[in-house]
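In the two complexes below, subunit A is the common chain; its partner is subunit B in one and subunit C in the other.
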Partner chain A sequence: MEILRSLFLKSMRRRGAVRLMLGAWVAGGLAFWGTKSHAQNGVSREYQLKAVFLLNFARFTEWPSSAFENPHAPLVIATLGKNPFNDALEDVVRGETVNGRPIAVAHYSSLESIEKAHILFICESESGQIEKLINAFSGKPILAVSDLENFAVRGGMVRFITKNNKIGLRVNLGTLKASQLTMSSKLLRSAELVGTLD
Partner chain B sequence: MFLKNSSVKQKLMAIVLITCGVVLLVTCSAFFTYELRTYKQNAIEHISTVAQLIANNSTASLAFENEDDARAVLKSLKAEPHILEAVLFNKDGKLFVYYPENLSTNTFPEPPFRLGYEFVQSDLIHFQPVIEQDKKLGTLYLRSDMGAMNERLKLYSLIVLCVMVGTFVLAYFLSKVLQGQITRPLLALTDTARAVSERSDYSVRAAGTGNDELGVLTLAFNNMLEQIHSRDIALQEAQQKLQGHASELERRVSERTAKLSETVAELEAFSYSISHDMRAPLRAMQGYSSYVIENFGDKIGPEGMHFLNRISRAGGRLDNLVQDILTYSRVSKEHFELHPVDLDILVGDIVQQYPGFQSPEAQITVQTGLGVVLGHEASLTQVISNLLGNAIKFVKSGMKPKISIFSEVHGTEIWTKIEDEGIGIAAKDLHRIFRIFERVHPESTYEGTGIGLSIVRKAMERMGGVVEVESELGKGCIFTIKLKRA
Partner chain C sequence: MDLKIRVTLTCNNMLRGWRGIMGKCTSICTGLLFAFTCAAQEPAGERGIQDLKKLSLDELFNQEVTVVSRRAENLSRSPSAVQVITGEEIKRSGATTLPEALRLASNLQVAQVNSHDFAISARGFNQPGGLSDKLLVMIDGRTIYTPLFAGVFWDAQNVLLEDIDRVEVISGPGASLWGANAVNGVINIISKSAADTQGGYVSVEAGSFVQDTAAFRFGGKLGTNLYFRIYGQRLDQNGALDSNGREATNAWDMTQGGFRLDWLPQQADTITFQGDVYSGTEQALPSNTTLNGENLVSRWTHTFSNESEFTVQGYIDRTWRRLPGIFAEDLKTYDLDFQYRLSVGERQTWLFGGGYRLMDDEVSNFPSGALAFLPATYDMQLASGFFQDEISLVPDLLKLTLGTKLEHNDFSGIEIQPSIRLAYMPTKRQTVWLAVSRSVRSPSRIDRDYHIPGTAPYIIDGGPNFRAEKAIAYELGYRFEPVHRLSTSISTFFNHYNDIRSVELSDPATGIFQIENGLRGQSWGVELSGRYQATDWWRLNAGYTFLKERIWQKPGHVDLSSGKGEANDPPHQFTIQSIMNLPSDFQLDLTGRYVDRLPSPNVPSYITFDARLAWEFRKHLELSVVGQNLWGSHPEFGPAGTRYEVPRSVFGKVTWRF
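After this line comes the complex of A and B, so read on.
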């Protein structure tokens, strides 16, 4: 019995190893395909991931109903400034819905040109007018995200922090509260928090 | 049945114990099965709950690729010691984080994952999708140890075993005590029945018990004994009475027999003495009438002679009668002992001595080898000469008598037969011929005293034998005398 069992386990392990190799090969293929698509929309893995994160914010955040014109109005993910995503954002949101709402992508070149945005990514090109932008969005149901240095510390809502080849989140609780948005505690738990609630 | 020959006590106890055992076994099995099911169900529900909780808490970690947070979430499983492995895979099925940290990643399952629970060997595994807002973000894999269940089942088995043994022992002692309710009256009944059958003592009674069936049975049994007892007593009384009657009857019979034989003896003595005393006057009458005929015949005249001759002949007949009666009484009374008698010699002598038995008067054929019998020679001579005399006498007038004598051996007896071709005897008369003074024919046809066959019968009886006759009217007769072989 014991011998049979050990033989069986061995064979299982060997099979497992084969499967692992197969998996690695497939993953490699996918990675290759990924870099190919990366080459297509010409965006780095970092922004690919950030595009996914922007979409995921939609799933972990609740907007006041006043933020939408009607229950079926699309949730708009927008960029402000020089778009670093190319088509990555469009690729990520294709076919996705959140709470039954379709998702739209918009690119705005200036603060004045912004028509509708629920999640707004402030691009590096706007580094000069951070204070102005922060003030402009303060108290509005807009989830403003940026890569810019000290964005959250200075009153911005969410900042992507790249550290050790990983993207982390920093959330300013005061700004969040003032914006009437409700962010899932699960999101908050995985984020670094700044600011105070009062 | 295996209990067929054991006592009621053993049967009762066996019934109780078997019933108890079976009931316990069934109950415990049901309990056990239920427990197993419940435990499995609970384990499944529990792992499903835990999985949902962890998955729900891991959504953001997966969504924002925060491995530290995911690890922290999985670490909360520390509170669940039965969870051996927990692994989070991202939405592509790639390993994200796992718990505890010392696991070998080689043994982790690989996609595609079959959602839901499954028992693998002694463990329970569960795959839970990690979903946020209908969006699948990854998969959680949990492996739970079912060793606890096995531990618990072992404990249950032990408890069941203890309960069974305990109950069995309890049932044993209880039944041992309680079965007395049934067996005690039964044993009392059995003892009583045994006493009755072994000693035929119907006065014993079974000890009575309550009003149940056994009580009724005991009562009925006692009633039965009561009845038998009273009948037994009645029977004994009746027997005693009967015995009294019988002995009374016997006494009376012997009394009467004594009286009767006394009378018979008196009668016989009387007839003997009369016969004997009659002979002297009879001789005188015969003698003097012969004398008168010889010496004074011419003086009396022919008519006187005729009457005198009649007187003489009548005297002769009376003498024959007296002689026969004397012979009969002698045969009846004489004491004699039995000796072997050679019938060949005896019959030969008889035939030779009597002129009437010889040719040409008669034709007598005697077969040789008649045999030797136990008898009294003189009486046997009387018997055979009487029978031969009858055979010669009872023929149609003018016929020559033809007689044959022969013997047959029957066991210890010799049957000697005397067969004639005479006139025979009618069936209605057969029963009369051996009685004294009975005559079938009037004396005027065949003279005789009517005593001859009585003498034959009496003599045969005295010798312990029998005389029989077969006959038909006109066809002769066969007389058979049966005697013991010497």
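After this line comes the complex of A and C, so read on.
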């Protein structure tokens, strides 16, 4: 060990501190230019956070057993429209289970397949057909989530709102109940509630 | 800190007889120099997605979406050399005290002096006696350095590691925001909100060095949006070993308790009260050192809108220690600060604030002691203001931060500490930054009021003309996240110091020495760090620091130790932490480090590692075994013959969370 150390240090001293720094910079610079192009495809922190929220919705919401084909069927988190998460959703659910179920991610481009989803994130690209969407899943055990304005008020279930630079939730308890979904108070206590429970 | 030992040495030197006034002075002054060398809030840094997953719901709701620069900023974009140690990393390292946990930041020089004392510094200037005076350390916004020597008594900072959210370690100057003493670095210890520590925690440790340690915490809810926690802990540690491998008389015990209250009356307001009480004993010859203290902090943050936010904070801190026969100190600090953040137009964010601090320092000098602080009692006032403008020159691409701090202290008057920082962010995952800053280490009592011996005639007669030490720092850094799983950072720096402390013969006729500003210095170095999530169950953090320092006398100055009394640091150091989640709820963690030789006094290089094996039962019960210093005992600081070694040790720990 001592020999290794002295060899390492000797070569370092010979090159000198200045050259060490230069070397580090050249290496850093190369890495920098070499990766400049492909590092663009990251996802914003906002959607990283929202992806983690979606995972927590899976953890803190109860679906009726009829929502699953069998006790081992995966819980499906899906997006509808132009996916803003990139790979963040896949990264988040990897290795996670909820009540023994694995979690799967799906990306849909049309309304047809949404019934397989348990959590459905409606992307901004779908803003033109909100009413149609809300009708399509009303009464079904699908937790519909979106960023879109007035989503919760118009009959969606959960809307992400950004306030004070933090993510908040607006939850419509009425539609939640109509869909036989139960959301844990742990989530609801931090959410803004609209609609009524009756 | 190590003041006592060094001072004892000084006494020994004095007793050894007068071999000519110069010789004696030299030995005493060397003693003095060794004695010298002895005696933010940032929003959570950008966490990787795997870290975000581990957050509680409350924490998740508190994450900032796009982090607006407050005191510091989003880690991956911050134009400074920041390293963050998370609470989880501390837990997984097996550290039992705060200074041990700080070893996880590879941009700090951390050396254990004995059972209870640590020498901790950033970018060097860890003085040979164990004091470091160019580092600013804060616990939840409360400054903990003492104006006695402008350093930290680490043995009095026994926070409950379980409740630490993160420790932000900035190497390099932070003076334009934080002010004097933030010359070479800033350490921000940030504890979790009471809302995030709900429920109970009990842990018991027993082992060969850490003898018997117990801690508890309980958090609950007192009303809507009103959370509290209380905690208490007792630490009992053996003495470190002397050069013959026998346990020396420096065993340590510490009892500390406290509370925190967080009230969020509405979304725009956060009000926090927190406080601690502590008391400890350190074995020493001929009689033990005792210390105690308490503090109370209150803070109110109000958010007017996304564009503006106001924080006001006040605290009271009393700390007391008594080294029988040497000195006792009772320091009371009263501090009030405010800061305001405001977005101006599309491109600019202003951050400004001010503060006032009163430090009522009462030293009791022992009659016929080896040293004295004169005057014994000193009320020091510190008034400060700062302004920072962050200008987005090209949105999301080029950001300029200009700022300065103006500070008035009783010793050296007004000090100006400006900085300019430029960040270039070619992609979302890369930041290139450069900075130039001026900072000062304002005089402390050990520079001005220090006398040897304790009664006239003095050989060292204070430093009536001692001014602030100044530094200009040039920094260049690059932070890069090539993939989600890997983040890397390189920081390089060149610092130029002027007016560093020296001890000079002020009057050749009488042979009286005084403390002056007779030295200059330079330091340069490279800090590399990386975090790699190798798989979902395995994470690696590593860091390497290269540091070179040079100190020399100004024309007309000699300095009794020729500049060797102000810095003693390893040129190379390397740390690595491996965190593994194994099947069946087992955890296996390793933390290793290599620290190069310290030049003067010489301390050999060493390699060592700590290991932790834990088993978790449903997140409630955790059993762990931790081995520390497994490569074997080694000295880390101080001259041969009088220094101590921390032994190889093992302890078991039972943790219960409910």
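As a convention for this text, the second predicted complex is superposed on the first by the 155 of 198 C-alpha atoms of A that agree within 3 Å, B and C clash if a C-alpha of one lies under 4 Å from a C-alpha of the other, contacts with A are read in each partner's own complex, and residues count from 1 in each chain.
Everything that follows uses one rule, which is that a residue touches a chain if its C-beta (ideal position, glycine included) is under 8 Å from a C-beta of that chain, and two chains touch if they have at least 3 such contacts.
The model shown is predicted, which means the values in this text are computed figures rather than measured ones.
Using the contact criterion defined above for the overlaid structures, shared-chain residue A:167 touches subunit B and also reaches subunit C. Contacts of A:88 after superposition: subunit C is touched, whereas subunit B is not reached.
Judged by the touch definition given at the top, the superposed model places A:98 against subunit B, while subunit C stays out of reach. Of the two partner chains placed by the overlay, subunit B and subunit C both lie in contact with A:190. When subunit B and subunit C are set side by side, the one touching more residues of subunit A is C. For the contact definition in use here, the residues of subunit A common to its subunit B contact set and its subunit C contact set are 17, 20, 49, 53, 56, 60, 96, 166-168, 186-187, 190. The touching residues of subunit A, counted against subunit C in their complex, run 1, 5, 9, 12, 17, 20-21, 24-25, 28, 31-32, 35-36, 39-40, 42, 44-46, 48-49, 51-53, 55-56, 60, 87-88, 91-92, 94-96, 162-168, 186-187, 190. Those residues of subunit B lying in contact with subunit A across their complex are 57, 59-61, 63-66, 69, 92, 94, 106-107, 110, 132-135. Against subunit B, the residues of subunit A that register as touching in their complex are 13, 16-17, 19-20, 23, 27, 30, 49, 53, 56, 59-60, 96-99, 166-169, 184, 186-187, 189-191. The part of subunit C that touches subunit A in the complex is made up of residues 46, 49-50, 52-53, 55, 57-58, 60-68, 267-268, 303, 306, 426-430, 432, 476, 478, 480-482, 484, 490, 492, 524-526, 528, 536, 546, 548, 572, 594, 596, 605, 607.
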